Amino acid sequence: MTTIKDSVHDHIELDGVAEALLDTAPVQRLRHVKQLGTVTLVYPSANHTRFEHSLGVYYLADQALSHLGIEGQQAERVRAAAILHDVGHSPYSHNIEELVYRETGLYHDDVDELLGTGDVARVLSEHGLNPDSVAGLVAGEGELGQLVSGELDVDRMDYLVRDAHHTGVPYGTIDHERLVRELRFVDGDLVLDEGNVQTAESLLLARALMNPTVYQHHVARIAKSMLRRATERLLAETRTDASELRRWDDSDLLVALRDCQATAELAGRLSRRTLYKRSVWAEMDAVPDPLLESDHERVRSLEREVADAANVDPEHVVLDVPDEPSMTESTSRVVVNGQVRPLAEQSTLVSALRAAQHDQWRLGVYAPPDVADRVGDAAIRVLGLELDGARVRDVRPGIHATLDEFN
Amino acid sequence: MTTIKDSVHDHIELDGVAEALLDTAPVQRLRHVKQLGTVTLVYPSANHTRFEHSLGVYYLADQALSHLGIEGQQAERVRAAAILHDVGHSPYSHNIEELVYRETGLYHDDVDELLGTGDVARVLSEHGLNPDSVAGLVAGEGELGQLVSGELDVDRMDYLVRDAHHTGVPYGTIDHERLVRELRFVDGDLVLDEGNVQTAESLLLARALMNPTVYQHHVARIAKSMLRRATERLLAETRTDASELRRWDDSDLLVALRDCQATAELAGRLSRRTLYKRSVWAEMDAVPDPLLESDHERVRSLEREVADAANVDPEHVVLDVPDEPSMTESTSRVVVNGQVRPLAEQSTLVSALRAAQHDQWRLGVYAPPDVADRVGDAAIRVLGLELDGARVRDVRPGIHATLDEFN
Amino acid sequence: MTTIKDSVHDHIELDGVAEALLDTAPVQRLRHVKQLGTVTLVYPSANHTRFEHSLGVYYLADQALSHLGIEGQQAERVRAAAILHDVGHSPYSHNIEELVYRETGLYHDDVDELLGTGDVARVLSEHGLNPDSVAGLVAGEGELGQLVSGELDVDRMDYLVRDAHHTGVPYGTIDHERLVRELRFVDGDLVLDEGNVQTAESLLLARALMNPTVYQHHVARIAKSMLRRATERLLAETRTDASELRRWDDSDLLVALRDCQATAELAGRLSRRTLYKRSVWAEMDAVPDPLLESDHERVRSLEREVADAANVDPEHVVLDVPDEPSMTESTSRVVVNGQVRPLAEQSTLVSALRAAQHDQWRLGVYAPPDVADRVGDAAIRVLGLELDGARVRDVRPGIHATLDEFN
Amino acid sequence: MTTIKDSVHDHIELDGVAEALLDTAPVQRLRHVKQLGTVTLVYPSANHTRFEHSLGVYYLADQALSHLGIEGQQAERVRAAAILHDVGHSPYSHNIEELVYRETGLYHDDVDELLGTGDVARVLSEHGLNPDSVAGLVAGEGELGQLVSGELDVDRMDYLVRDAHHTGVPYGTIDHERLVRELRFVDGDLVLDEGNVQTAESLLLARALMNPTVYQHHVARIAKSMLRRATERLLAETRTDASELRRWDDSDLLVALRDCQATAELAGRLSRRTLYKRSVWAEMDAVPDPLLESDHERVRSLEREVADAANVDPEHVVLDVPDEPSMTESTSRVVVNGQVRPLAEQSTLVSALRAAQHDQWRLGVYAPPDVADRVGDAAIRVLGLELDGARVRDVRPGIHATLDEFN
């Protein structure tokens, strides 16, 4: 048995397949992939990695299995999926996930191939586990897949408390012990047992507060957009392909960006934190509908149009159109008076949070500080934004401004 | 200067009037008044007192004054009010506040007389402060009174983090440093500065989650009702009057209840935690309107009717009809795009939380375990409750059931 | 099963005999006995009780049993002893333990009678346990008794972390999870497994730092001496006997002291924290040997002599001669290269800490502030102290002065 | 003013020269230099960087200056030195510091050149500060230099609590607020004020416990030795010179090692954590005196001899002879009865800890697992170690074995 000291869950014990998987290259690689990518540019203490998070997810999965009374090979499969659930992440985690998906068709939880080859496949097979079925759990398939990837999965329980610990933002400090204890399977659905409407709400609220303060902080979004832009150039200018890129770690990507002439400026800006600024920051109502549905090609083309109109280098305009907000946890289920019900039916908060997320949504246009105003004026015209004069305005500014000056 | 080590804020420094007030009997008395009264019967670690809370409120007030740039006598007055803000509490804090009010006309923040006499008056006067004006601040009067008692006061900031620390329930863990830093006065109103809609929401949410889990936990409510009932008997059966009672501490009351024959049984039940059980637990829609507006006399009379109908000792029926929920924080104000606006206008969460509080409201009827069912049946008939058969039922049970078995 | 939320160990689960014992009067009584007695007058947040500590000891015992692979009735017996280990405490815990011992011959861990009668005896018997054998474990008898009371017992692991949590003094923050995991039985001795010399040292060091800063802080010692003096008077002046006193809780004693004319002044001083001051504070080398061995009668007689010489009321002189320091943890054993060895042989720190404890020892004479100097001069003469002029002097003052002004 | 959220000190405010320095490249570079280098291979949560540590040192320096009443340019100079104190670190912090020193003659606190050029020099000069005098403070020169680098510097206060927070090992949790409050200057010496012998001891003890458990953990030492060996090869095989290397960050070095054919194997081992094992682990008494004084060349030559004797590739033998233990904090000074005295005179613990450090010292020989035994046998012969048969033996194993299996 291996015992590891973790700053969040204290001692974590691993044996069986989880212990054996720990020493495989795909899992060890996660030591060099930061959990929150560019968020560290807002919260300097947030340098935790997917490796320690994977240990935490394994730990909570193991606790949940024990409370649920699930044992044997079924449980080993879940533990394997927990320790492996993030091996499919690209460098900088979600930051360049869309880009990798466009090029490879793979999201971070598409891990069939990764699990079916090399050391991981060997270890799984030595422990009598089928790589495909473990990959299925990682993708959230089947009853037990809900524990690994679903609206009540232990993944989100770990990342909320871990991100709170490392950023210093307390909003993510949920009662994860209680959540893990109250999980039940009812007719194949993973639900929270009687008496936990509020426990479910607390999970929802934690993410609702962490989202704008941490995950979607505008400085993290700007840096992420710059990183994405630089990585696109890297793929275009060098022989690196996206499949290879997907297996790099943060160091590989950062150094490659520094070494490539076409991306050195952006890499330098990211390394020294001399970031672009917001030229435009627009709520959803100010954005024409067709713009919301632009695909990547359309966005690139609009960026060039804005650059033309502003008379700046096309590399100096980044248009950031996030997806419409989703809220996975809102579909979680709770037992109420003996019946399983969707949380959204039980809780007035769910629809309020959905509305809040809509209100928090922002389109961003970013540019170097010296041309930010010029780009902003051009972007408003080219994109047809209705901003009543103010380029960067918030009707609801709590969203972006936890630490005004630093960020 | 006096330096005190606090488990929540670490080192707290006191000088001037606050240091001098610390050694007065009314402030030292708070060492023997628990912050959360009967809540310790649910969360055994919650034995913190009004004394340490008062130190915490003083600390946060001092920080806020410094960030707001308020100095001199004005600031001393606020610091005095902070350290004194809870001296008007009866034993067991809010648990018997209504009873004391009925008898004396005084709530815990009516402290004119307490501040105008004895050591406290002397100390205030030695530091050039007028007891009436300090009492005014405690009651939330005037511009600076908002810091001590208002929707953004430092009182609630301290109690949320302190109660979280001592109960172990993390929901109260707000970002109090940020809150204190973002306070501003605009046209005489205490508001949160630009960029803090979400900070304001987090305060609201923390209390919304702590309320049912901690402050209104049904076991704490049952014990509180028993304590109130016993204290009423004590006043009726002995020469103790309510003004005297108000100046007791928890020990005085507990021992008096044990020593009085009429209250010894209830005192024993509270000491040994052999509490009454819920005979009825009914949501608001099941309760006839007139019952909601019953005054104390009417409640007492209904209890006797229920006891009659159930054929039990009238002392064995307690009817607990809470006030309709309020939500002070919802009127807090934030600066948005340069204008002060009520949070309720900016945040979709406010009305959702108000609805949630309405949903969480419960009428309770409590009785000893051996007659609980009988009392429940009688109560439903006598009170005209519409409960469809189930005496204790929750359409939203997250409310009362953080720790099912223990509580 | 009962689940309880604890501020130190989070969720604690009880079932079997421990769950049943929880609801007995002797265990519930511990809710009203503070863990650290008068230490709360130095550290205002330190209001935690023997009840929550007993839950913590139960929790750690249960974890230790699980790691040691001990099951069945043997384990149940240890769990019962853990939850019951402090029921023999007098009010204010150790503060008046010597006094109670002089009168009753019983220390806090003499619990044969308490366990052999009433609800506790009934519950133990219902679970097939012999009260005597459980009482034996509480007294540290037998192999398993070492877990409950011994140099590596879970009692001290819980109190160190719990006292750190509640005082805010971090020195007690040991790695209790590691300690519990590394316990082993070798030839009937409870030892720490290979690789834990340092783990054992850390336990020793934690107590060595907590001792002067918290447990033996001079203000706590003064208040304790005053409480002891008052309680002696109470026994002398009223019909209360020591056996009865031993079963009181803190509230009972505090109110009794307030109500008794002879002790009302001291009770008032303790309640309002208007304490005696140090008239003398003398290191061991300044104290004549015979004085060190004075029994209670001799101490009382010396107090009267000092009072006479100083011409003050005998009640206004308190002489406090602590026992010579012991260091239980120093006899703990560790496995080193496969052999069990005493820690003192392995660790150069043990003898250094023993010397430090000797250096920290202080004799105290306390008196009301207005006569403190006069009493000090008299005490030096009467007791034959060699203090070179300074009545209160420390060659090693770190001992008493964590928070100078407050204390 | 810039406000930054830190996971250890919460909100940190920067203005003046510190705020301006924050955005310079040498300070931002520290975001990519881990605080503890290879220790993250033992404690996976320990990914914190020199950047956040520098913010923490700045914060504590600012607090100390305020308590000491130091203001104006003097204070600005200290704040500048605090934020800059680690800019001289090579990648992986101390891990390759000796190597860089051999090649460049510069230790991490030799920052004259770094501060005298580029943005840093410009910012310092704009704020009226002389780069040389700031560099002097970083090197611990002068009265105020003691605050930045000395036995009571704020550097060690920050790293102890920060390393505890991120590793999860509680031993470093000192009372840093108290330490900062008790600093005084007496005759030009930075000392702890009256009543702090124990406070000084606690600092000493914290480091004494963190040293073997964290900083000198054998797995971290093995990995560090491998990293050093690989970096030496890199310098030998490529055009990289040590001055350039010194300005790299962790990513630059890691990727360079991966890309260089001669170091790819070691880089892969470090990335995948397939480390060498201990062939020999010998206490000081087993090591011949001359070996203790070997310089780098001699060590390299002995490695080759051992490799020859064991018939393995010379790259597969690493000899690790640490310096004799020092104990900076032992020279700290405290005020005792009005006089400044060295802690070592006041505290019996100091010499005990010095002896303990001597006991904990170990010479290591490391090799790939498959040849570890063979190399061990050869090393014993070649180096003349007196090990009585056991190659890896600890008379005091607490030293290296916090988490046996993982490490």
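Just so it is clear, A, B, C and D label the chains in written order, and each chain counts residues from 1 on its own.
Keep this in mind: a residue touches a chain if its C-beta (ideal position, glycine included) is under 8 Å from a C-beta of that chain, and two chains touch if they have at least 3 such contacts.
According to UniProt, the chain labels map to these proteins: A, B, C, D = HD domain-containing protein.
Please read these numbers as outputs of a predicted model, since none were measured by experiment.
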| item | value |
| --- | --- |
| Winner on C-beta contact pairs when A-D is weighed against A-C | A-D |
| Chain located farthest away, centre of chain D as origin (C-alpha) | B |
| Centroid spacing, where centroids are CA-atom means, of chain C and chain D in whole angstrom | 40 |
| Cα-centroid distance, chain A relative to chain C, in whole angstrom | 50 |
| Whole-Å gap between the CA centroids of chain A and chain D | 34 |
| Touching two or more other chains - residue numbers and ranges from chain C | 3, 10, 169, 178, 402, 404 |
| Chain A contact footprint on chain D (complex, rising order) | 1-8, 10, 23, 25, 28-29, 31-32, 40, 43-49, 51-52, 55, 165-169, 249-252, 254-255, 258, 271-274, 402-406 |
| Of all residues in chain A, those that touch chain B in their complex | 169-171, 173-175, 178, 194-202, 205, 209, 212-213, 334, 336-337, 346-349, 351-353, 355-356, 359, 393-402, 404 |
| Interfacial residue positions of chain A with respect to chain C in the complex | 3, 10-11, 177-178, 181 |
